[in-house]
Structure formats: C-alpha cells, structure tokens
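Next come two complexes built around subunit A: one with subunit B, the other with subunit C.
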Partner chain A sequence: MRELLSRFKDIREYPSAIIGIVIILFLIGLALYALISIPYSEAVRLWRGAEAMWIENPRNARPIWMDWFTPASLPRTIIRDTKDDPGAKEIIPLTDELSEIIVTLSFDYQYDDFPREISLFLTAEYEDNRPFVTFLWRTPDGREYELRDQSISREDAYRISQDERLRRQLGGILPHTGLFMDPNAEQPTPLKGEYELVIEGLVFEEGADLDVRMIAYGRIHGIAGTDHRRRDISVALLWGTPVALAFGFLAAVGTTILTMIIAATGSWYRKWVDGLIQRITEVVMILPILPILVMIGTMYSRSIWVLLGAIILLGLFSAVIKIYRAMFIQVRESPFIEAARAYGASGPRIIFRYMIPRIIPMLIPQFVILIPTYVFLEATLAMLGLADPLLPTWGKVLYDAQHQGALYMGHYYWVLLPSFLLIITGLGFSMLGFALDRIFNPRLRRL
Partner chain B sequence: MKNNNDLLSIENLHTFYELRRWGFIKTGNVRAVDGVNLQVKKGEAISVVGESGCGKSTLAKTVLGLVEPTDGKIVFDGKNISHMGKEEMKWYRAKVGYVQQDPYGALPPFMTVKKILEEPMTINGIHDPREQTRHIHEGLTELKMTPVEQFLNKFPHMLSGGQQQRVVIARATIMNPKLIVADEPVSMLDASVRVEILELLRELQEEHELAVIYITHDLSTVSYFSERIVVMYGGKIIEEALVDDLLKNPLHPYTKALLEAISDPDGANVKTFKKVPGGEPPNLLNPPPGCRFHPRCEFRIEGLCEKEEPEDFFPEENHRVECWLYKE
Partner chain C sequence: MPEMQVDTSKTVEISNKKPGKPQSNFSRVLKYFLLRIVALIITVIIGVYIAILIANMGGAVDDIRKAQIREQIGMQMMGDPAFMEIPAERRRELMREMEEIEFRRLGLDTPFPIRSFIYLREALTLNLGRAERMTSDSGSRQVRLVILERLAPTMLLMVTSFLILFFGALFFALFLSRRYGSFLDKAVIALAPTSAAPAWFYGIFLILIFAAVLRVLPFGRMVTAPPPPDTFSYALSVLRHLILPVAAILSSAIFIVTYNWRTYFLIYSSDDYVEMAKAKGLTSGLIERRYVLRPTLPAIVTSFALSLITQWMGNITLELIFNWPGIGRLVFQAIGLYDSPVIIGTVVVYAYLLAITVFALDIIYAIIDPRVKVGAEEARR
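So, the complex of A and B:
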C-alpha cells in the first residue's frame, strides 16, 4: 500500500496529471458546494416545483456574465412590490365604503436593451365587490399611456406583454418594447430614465385593499441563465455535478472492482467455476446494453439509481473479465503464490491478499478513465429521455435544450454550459488517468 | 534403508500430470515422478540431483502438498499426508518450509519484508503482534540480516538477490518447521553469494535439527551441504548414496556422466572436451521401456536394458543403484 502511495508521488512530474487533478478537485468542490448550499429537497423543489417557484425569473435569459462581453448593458429583472414598499400606495377615502387606492411604481431604467416581458401580479382583499383598476404608464419624457382598465379578482395577473389591444395601440410593436422605446431614435432603442406605472384602483368596501407587484423581466439571470420554463439552469448544473460524479464513480467501482473479484475467483478456482464465469461473460458480451437500459427506463423505473444498478449488473460480467482473467492467470503461476500455498494460505486469502494487489496498480488508471465513460452514459440516457424524474442532471438540461431548439433559437449558453461541464469531466479524469497509466505501467513511458 | 527415525518417508510415489483434450478426454500422462522411494531422517540434509525435466521439482511440490500425488504414500512424522484433513494439512504446512529458486519471484512485490514474514504466522495462528515481531527479529538475526529494522519496511525490489533469498529462507523457517524443501535455492544467485547462502542454510539446519531436501542440478554445490545424495533420471531415483561415496565412486553410468560434466575453473578445461552422453532426456509422456537411460547408455546390455526395468541393487553398503550392470 505504501508503495502504491509512493508511486502516486510521481504524479508531480506530469503536468497533465496536475491539470487533471485541478479539474477533478474543482468538480468535487462544485459538488460539495451544491450539496451544502442547496439541500436535496430544495434542489428537487427548485427544479420540479410549480410555475410559482420561478415566476420572478425571466424566460430563456442569458447568464449574467454575458453582460461583461457585450458593450451594451443588458437589462436585469426589475421587481417593484407594494408589499415591500408601502409608501408607493396611497389610500384616499371617498365615502364610507368607497375609497381610491393609487399605487405609483417607479423605477430607473438604464439598460441598452428592452426587457423580455412585463407582468403585473395583483392581489386584492374584498368581500363581494371586485375592485376596479386603471393602469397608466409614464415614460421619462412625459408621455402617458393608458394601458387598460378592468375589475380584478383576489389573485389576478395582467401580462402587459401579451396585451393584444395595447399592441395594436402601439402600432403593432410588442408592448414591452413599445413602452420603453425612444420615439426619436432611428433604431429601436430604449429610452433611459425614470419610468412610472400608476395603478388607480377603486375599492367598494370598507377594509378592502389592493397590492401590486410589477416584474419587468430582464434578459440576463443567474450564472447560467434560465430555460424555457424560467428555471434557473445553474441549479441543474450545480446539482448535476454530485449526481454525475457519484454515478460515474459508483458505476466504475461497481464494474471494475466486482468484475476483478469475479475474474480472480474464476482464475483461481479454475474448473467449473471458471467455466461458468466465462460462459456467463460470453452471454453478457452479446447483450445490447443501451437498448436494455432504454427498456428498463421506459418500462420499469427511470430512477438514476435503478439505472446505476442495471449498469453495474450488466457490467459485472463484461468483456473486461477476459482481460482480467488473462492477467490473473499469469499472476496465479507466480512463485509467490506457490509459496503462499505452501505456507497454508486459503483460496480467498490468496485471491484478496496476493492476486488482486498484484494487478491493482495496472487497474487504477483504467478505473480513473472509466469514470467519465459512465458520466457520459448517464448524459446519453438523459438525452434519450430516460433521465431521472426528480434529480436535475446535466443530461436533462441538454435534453430540454434540444427539445426547445436552443441552438436554433440562439440560446447557445443552454447547450454549451452542460457540455462544458461534461467535457471538463472527461478531460480531467482522462488527463489524470493517462498520466497514472504511465506511472503504474512504466513500460509505456518509453512510447 | 527404511528406519523408524524417518521424519519423511516417501513410498512408491507417482505424480502424473494428466493431458486432456477438450477438457475431459484423457489423452495421456506426463509421468513426472514415477515410483520414487526416499527416506529422510530427522535433521538430515539430503540432495536430489538431476538434469532439467527429471522430475525433481515435481517431487518437491508433491512433498509440499502443492501437487496431488497420483499414487503412493508420503508419511511425515508417522502421518500419511494424502489422507489428511484440512486441520492436519495446516499443521503439516507449518512443519514444512519451502525455499524457491527465484528469490524475487518468490516474494510478493507489493509487501514489505515485515508483512511477508508476518503472513505465515498470521495464517498459522500466531496473531499476537509482539510475538510476531519477536519471531521476525530472531529469524532475520539468524540469517545475518542485521540491523533488522533496516530491512523490515523494505520492498523486495529494494534488496539484493542474496538478501531476497535470505528473506525467503526466513519465511520458510519462521514457523520452526522440521523439514525444508529447497528447490534450487542458489541457482539464480551470483556465484559469490551462493556459498554464503548455502552455509547459512547449513547453520540453520544444524542448529534447529532441520531436515533439508536440497534439490539441484549442480553437483558442485552438493558437498557443501548434504550427507546423502539422490540422483534422479526420468522420474525415477537411479542412485542413492552418501555424498563422499557417490562423488568418489559413482556407479550408475548417468551419475558418472553427470560428475564428468562438473566444470572447474581450471585453465586446462579450455582445451579438453567433456564426454557428455548423446541423445536427449527421455520423453516422460512416453518413457522408453526398460531402463530409462538405455538409449543414451554406452554400457547398455542388449536384450535386457531395453526390456526390463532395473531393480534396486546394493553393491556397497548404503549405496543403492538401479542398474542392470550391478546384478550379481
């Protein structure tokens, strides 16, 4: 064991191994950060929760850092809520029952692009008679638009962006563009300055109340942007890291270590034990693994852990057993095994204390290189629509991106970020694995 | 030569390797050990010599219980080892040490010297670490590997060939066995180390009253070591005698040829040619009928040697030979 560790020290001589280790440590750090900062139930809620969960997020927004690379400053989401700012609400009693509520939501708009959407969410308190509301829009240069008047229910929303009448009134321009447009500019540019949204409400009961929340959705959000359902992609990217690493690691452990023990047992006991293992291996070798996994996913369960179990089970008797067996047969005939038998070592002891330690150094690099293979397999299954129904994973982000035509729509960040994580995972483990291969199999050093 | 103080008594031992086709059809046997009788007394060192492929290593492995004998008996300390249960076999294995030919191959490369020496003790029921350490210190000190601490944490590849072989010997003797089987223990070592290792083995043997079966193809090292010598040819023992008798007065034509072939560092050897019997060692899959040496023997008696297997003859006291030439 100590010898094994001392060999690991040689890693310092391989820059690729150091880069690989840095990448792996980064991924592990990311995974730990995700696990600590977003607990499992929270992650599932953030990813699977209802629309209300993401109502404040813009749809298909780019990552915030994209702003740094464009000369124009992209709009962020602006939220104004009377509940947070009671001063914006003025109540004027008119009669005993009738009163007027005037809400003035003002905000400073200094961005070079139009917001993605504007919505108003209204909550009203009343017994029988619905309040009646009029919406007014004031631009910094003093123009005033009467948006609409309507009576509202207890929970109501006015999606300004989807108001067809207003759109016609603005000359066919989308409301969230038209309301911000500088009328004197040749190209459509937003007018910077203080905007005001005035909501004049009439309530018909004593004690009736009205609250308004305005959201002017921006075009950038979070470190990874959002998807078509307003979900923050960073949740999936963060939580995808521990899932991917655990999946890859467990699958690699399951397949290499158990396979190695099976191969060692077969080559030590020979005769029918070996025969049986070899026949099973030959049958498993011709089984099409991916279609079987797809079948399990569609007909039984899409849980990532069920698929992991299936991969390990199918991987137990994979073709590598033949390679391990070839190595073990060579080890089995070594004089030190004969010596161990001569001083009375039992079969299991010889397998675990003498045969397996002999070939472990040769397997460490393979093991490391195998991890990303399974990470990719999980992403592949997710791309085929067999992602875990609960857990957010990288593969699922890619699946959504593909189904929403992300590249066609220009949302390349949606594809590139999970792909980038997949690529560095593969890169990190491979760089370390190939360096370890050279350390543990010195004959390769000359090549 | 059967006797009651025999530690080990091998009677009519046969060890065949089966040849099979398609895994189950027997197509023949390699008769590696074919009817061997041999007695080893307590504390006695005997040498088994013979050319490559004569069955001497198979004899060793059969004695160690690594290979199942096909027929015959091996009796150790009054017990027949082929009828031993698991527990008894364990007892037997602790009483017999094994020293192999290739010291580097014989040591697990991933274990330290300490671990290597602990293994036999752990397996054979000495679990107390202090006792293990004591045994290791005693063993290594006896083999002149001092200071012991300097070696304990080393891996086999960090040791010289002689040191490796000493670790192998320490491992073989750590359970205080009664018998050591040494299969060509010095043939892979430098000539300078050979004598040293053999002398160490000799000291151990005398001090602990060890019986040693020393297997070699090199007659020149035999006299360092043993009292008795056994010559094997084609799976059989063809001659057995005390070392001095055999070296001075070899009887079997094969033994004579073997002794002729010993090389001395003598300048005269450059110009002389050694007489070596022609032909090849016998094919043990299909050994020649009669005496196995007859196709190569220059003293062959036509009509007898190629037909009938020779019996044991005793032309001198304590000197057994299987050769028709000594028929009275």
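So, the complex of A and C:
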C-alpha cells in the first residue's frame, strides 16, 4: 500500500497528469454544483418542460459571452409587464360600465441587431364581454404603426412576428425587423432609441381589467445560449456533468472489477475453466455491442441505468480479459502464492486476498482510461436517439443540435459547448491514465 | 481507449510451443485458415444466438414473426375472391385456423429453447422476413435486401479507412521509433489521449471547419445530388465525400495506434539480435524490415484487430453524422421507425462483419508470422 502511494507521488513529474487531475477536479466540482443548485426533479422538469416554462427565453440564442467577441452589440431579451410596473397602465372610466385602459410599454433599444421575435401576452379579467384592444407601435423618430385591433380572451397572445397582415403592410419584411428598421439606412440596421408600444383597451364591465406582457426576444441568452425549444442549454450542460461522470465511473468500475475477477478465476483454476473463459471472450469479441445496445434501447428500455447494466454485462468478457490473464499467470507463479497454498488457503481466498490485490496497481491506469470511453458511449447512444428519456445529458444536446442542423444554420455554440465538455472529460481522464500507465508500468517508463 | 496495452503475450506463448514437424508455408497457412474459419463460424453462431436470446427477452422476436405470418395470410385472403364470398365471421375463423397451421408448420408453437434455434437458423441465413416500415431503394421490404443494399457504402468507407490507418500508422510508427525522443515523438505521446473521443466526435468538428466555415468539402452524403452522370465524375464526387469521414476515423485512431506500435518497435529494437545486426553493420532499413518489423507484426495485428472492432462500433454514429448511406445510418433510421426486424438484422450483419475482420487479420497474422503452426495453435488452446 505504501508502495502504491509512493508511486502516486511520482505524478508530480508528469505535467499531463497534473492537467488531467485539474480537469477532473473541475468536472467533479461542476457536478457537485449542478446537484446542489438544481435538484434532480427540477432538472428533469426543466428539461422536459413545455414551451410555456421557457416562454421568456428566445429560440436559438447565442451565449451572452459571444457578444464580447463581436463588435456589434447583440440584443438581449426585453420584457415589459404591467404587473411589474403598474404605472404603465392608465384606467379612464368612460361610463359606469365602460372604461378605457391605456397601457404604454416603453423601452430603450440600443442594440446593433434586430430582435429575434416579439410577442405580446395578454390576460384579461371579465365576466361575459371580451375587452377590445388596439395595438400601436411608436418608433424613436416618431413614426406610428397601427398593428391590429381585436377582442381578447382571458389568456391571449399576439405574436407580432407571425402577423402576416402586418408583414405585408411593412412591405414583406418580417415584423420584428420592419418595426425596428431605420428607414434612412441603406443596409437594414435597427434604429436606436426609445420605442413605445401602446395598447388601448376598451373594457365593457365594471371591475374588468387588462394586463399586458411584451417580450422582445434577444439574440443572446445565458451562459450557454438556448436551443430550438427555448430551453436554457446551461441546464443540460450542468446536469450532464454528474450524469456523464456517474455513468463513466460506474461502467468502468463494473467492467474492470468483474472482468478482473473472471480473469483471476480462469488463470487460477486453469484447465476447462480457463478454456471456457477464453472461448467466451472470443465470442464476445465479435458481439456487436452497440447494435445490441440499440436493440435493447428500442425494444425494452431507454433508461440510462438499464443500458448501463447491459454495458457492464456485455463488457464482462471483453478482450481486456486476455491482458489481465497474462498478468495473473505471472502472479500465479510467485512465491507468496505458493506460501498461501502451503498454509491451505482455498481457491477463492487466494484469488481475492492474494492475486487481485497484486494486480490492482497495474489496472489503475486502464481503469482511468476506460472512464471517458463510457462517457462517449453514452453520448453515442444519445446521438442515435437512445438517450435517457428523463435526464438532460450532453449527448442529448448534441443530438438536438444535429437534428436541427445546427452546423448548417450556423448555431456553432450549440455543438461546441457540449463537445467542449465531452472532450475535456476525455482528455482529463486519459491524460491522467496515460501518465499513470507510465508510472505503474516500468517497461513503458523507459520509453 | 481500452486497447491501450494490447497483449504481447500471444507471441510469447506461441514461441514457447514444442517444435513440430516442418511444414510447407502454403499448407501451414491453409490448415490454419481452415481451422480458424471453423472456429469463427462457431463463434458467429454462438454470438448470433446470444443476440437472439437478448432480442427475445420480452418476446419481441415472437411478436414479429407472428405479426408477419398474420399479415401474409391476410394478404393471401384479400387476394383470393373465393374467400370474399364467405361471411366475415367464418372468414375470421378460417384465418385463425390458417395462422395456427402456419405457426405449427414453422415451429413457432414449440417451447422457446427449440424455437430459438429456428430463429437462429433464420438469422444466420439473413432470412429475416419483412421490414415493418422500411424499404430498400429498389422498393423491396425484405430485411435481407434492405441491409445488403447498404453494405457497399459501409464497406467502401470502412475498408478505405482501415487501409489508410494500417499503413499510415505503420510507417508513422516506424518513423517515430527511429526518432525516439524527438519533438514529433513527444507530440504523438501528448496527442495519444485524444483518442478517447470516437470518430463521430471528430466528424462534427471536421464538418464545422471544412463544410460550415471554409465551405470546401460537402457536409455529408456519398455523392452530390443529383449524382453525376458519367462514371469518372461520379467516382470523383464519391472521393470528395469520402475525405471527411475517413479523416474523422483517422483523427480518432491514428495517434493511439501509432503510439502503441511505436512502443512495440522500441521494445523489440532493444533486443540482442538487433544489436547484433547493428554490430554486423547492416543498413538500418534492412534491420527494420528483417529484425524489427517481422517479430513486431503479430503484436501489431492483434492490437489492430481491437482498434478495428472499436471503429466498427463507431461506424453507426459516424454514418449518421455524415449522412453516409450505409448500414450505420440504416440502424439509425430503424431506431426512429421502431423497425425491429431491421435492427435485429443489423446486429447479425455487424456480427458477421466483425468476424470477417477478425478472420482477415488472422490470415494476415498467419502469413506474416512463420511461427504460427496449426499444431502450435492447438497446443495453445
């Protein structure tokens, strides 16, 4: 044991191992932060949430920090709500029953690009008669557009960006572009300044009320941007960390330990036991693991834990058994095993007390290198659409990006962020593993 | 990657064999070849059987077969006007009877242990029935045709990659072992951990760089649409589309493979007989070919087999990323459509492909390693 520790001290001589350890610690920190800041049920709810949950987020917005690298300042989401700002609402009683409600939502627009979308969400309180409202748009240079008039129900939405009539009125330009456009500029650029949206409502009952929320969706959002369903990608990136680490670690532990026991048993009992294990290994070698996982995923369960179990079972007799076996055959001949036999130790006792502990140091590097293989396996399954139905994972983000043509559409952040986490996980563990391999296997150390 | 330390024990074991009768090179290889093919056929049979056991854990295979028989009988009846005159009640009864007879004829009423062997036979001969939703490009719904049609693009992609990988890594590793400790050597050691990521992962980046940003290579597919009319420009188009997926496989595998092989070369080139050859004053090229490459090749081939198996597994996602019309993308489409017969079929085909890969490497192994003799092979087992 002391020898093992002293070998670990050699790590200091390998800069790649230090970098690997730093990355692994960072990932563990990120995983702990994710687990503490967003509880499991919350994470599942957020990621499966319908659009209503993410209504305030723009679609396909880039991460905020990308704004720092571009000369133009990209629009952020602007939200104006009469519930938060009662001063924006003015109620003028006209008769006993009839009254006029004037809502003026004003905002300062100082960005160099157009918003992605504008929507209005209206809530009205009434008994029988629906309020009637008129929408008016006022630009900083004093132009006015009458957007539309309509009667509204208790929960109503006016998606200005999708108003076809308004689009024709603006000369075929998308409303969220046309309403912000500087009429004098040659290139379409937004006019900066104070915009006003005036909603004049007529309510026909006493005590009837009207509330408006305007969302002008921006082009940047959060530290990781949003996806096509307005979800904040940072949720999946954060929660993907503990899932990836747990999956990789458990799969690596499961396969390494069980394979080691099988290899030790085979090399201890020799004869037919060893022969059988060797033959099974040869069969498993040609078993197409991924298609079999696909089969299990489509026919039985997509749960990440079911697939983890399948991976461990299929990995039991993997080709590494041959490597372990070669190591155990050497161990078997050592004098201390002979001594154990002399005092009458049983087979299992020798395997578990003498043989396995002897080879563990040699297996640590293999184990560390194995972890990212399984992290990527999870991502691979997710890319095939076989991700866990509940949990947000890095692979699921990549899957969505791939399916929405993120690269083709230029949403690079969507692919790059999960890829970055995947690759640092891969590099972190394998850099440490390769360095450990040189420390624990002196034959390689010379080279 | 798990194949990092690949066993060199195989060579050691073989060299410990008892001396056998001298055999001619050809009959040695032929005998070995036959023995290996028998062993592999048995292995494939067992492998496919395991796959069937897994597939039928929830009775999926049974359901597929029954549904297909039902559909077939239904179609038969619809096509026969004599049946249409029979009242509906009676017709349904007749249909059930016919199904019963058909089930019994095909042995589907037997207990699972027996039935499973019927499935095994059907799977091995790729007699996988009809796809539930997918069709081949020629319009057939036979699973066998749906799958075999996709085999050629997959083979083109994988064989090209494997050949480039093998020879590229071999020369690169030899080159590095000559320049042990140089900057390039250190760079390869430093880059070896990047092989933790599978090929498709690098594929995403290659698409991002060369297709999305630089716009010099296509995003995916195997030929341009519409395909060029004449053979030459067709081949050129395929070649252009082949660059990125092959590059993806190479970027994920070449560093680890080169790193491993370079290590073998270094281990073997420190042997006494190499020192002896040097002392004799042989040229370094001759020493490399005769005294380093020869004894190292078996270990290299073994390690290459394991990398290839990893690459075959990555093939599904790689084809998906590059929209390559091969078996991998077929698997993905079958997942989307829940087409179980096709999925089971691809499992079988991949088992065959892996077995063929192992077999091909075994043959190379036998040719390059004069110590492999059938007698020794048996003694080892």
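Quick notes on this structure:
By definition in this document, the second predicted complex is superposed on the first by the 441 of 447 C-alpha atoms of A that agree within 3 Å, B and C clash if a C-alpha of one lies under 4 Å from a C-alpha of the other, contacts with A are read in each partner's own complex, and residues count from 1 in each chain.
Keep in mind that, in the parts below, a residue touches a chain if its C-beta (ideal position, glycine included) is under 8 Å from a C-beta of that chain, and two chains touch if they have at least 3 such contacts.
All figures in this text were calculated on a predicted structure; none of them were measured in a lab.
Superposition of the two structures on subunit A shows subunit C fitting alongside subunit B with no clash. Of the two partner chains placed around the shared chain by superposition, subunit C is the only one that A:M383 touches, whereas subunit B remains out of contact.
Once chain A of one complex is fitted onto chain A of the other, the partner contacts of A:R349 are limited to subunit B, with no touch recorded for subunit C.
In the superposed pair of complexes, A:A340 makes contact with subunit B only, with no contact to subunit C. Of the two partner chains placed by superposition, only subunit C is touched by A:G426; subunit B is not. Applying the stated contact rule after C-alpha superposition, one finds that A:T123 touches neither subunit B nor subunit C. Counting the residues of subunit A that each partner touches, subunit B and subunit C differ, and the larger count belongs to C.
In the superposed model, A:Q169 lies in contact with neither subunit B nor subunit C. Once the two complexes are laid over each other on the shared chain, residue contacts for A:T134 go to neither subunit B nor subunit C. Of the two partner chains placed around the shared chain by superposition, neither subunit B nor subunit C is touched by A:T189. Once you line the two complexes up on chain A, you'll see the smallest CA to CA distance from subunit B to subunit C is 7 Å.
Every residue of subunit A that touches subunit B in the complex is listed here, in rising order: 1-4, 334-336, 338-346, 349, 353-354, 357-358.
Residues of subunit B touching subunit A in their complex: 61, 64-66, 89-90, 93-94, 96-98, 100-102, 105-110, 112, 119-120, 123-124, 153, 155, 168, 171-172, 175. Residue ranges on subunit C touching subunit A, taken from their complex, read 1-7, 9-10, 39-40, 43-44, 46-47, 50-51, 54-55, 57-58, 60, 180, 189-190, 192-198, 200-201, 204-205, 207-208, 211-212, 219, 263, 266-267, 306, 309, 312-314, 316-317, 320-321, 331-332, 334-336, 338, 340, 343-344, 346-347, 350-351, 353-355, 358, 381. Residue ranges of subunit A in contact with subunit C, taken from their complex: 16, 275, 278, 282-292, 294-300, 318-320, 322-323, 325-326, 365-366, 369-370, 372-373, 376, 379-380, 383-386, 398, 402, 407-408, 410, 412, 415-416, 419, 422-423, 426-427, 429-431, 433-434, 437, 441, 443-444, 447.
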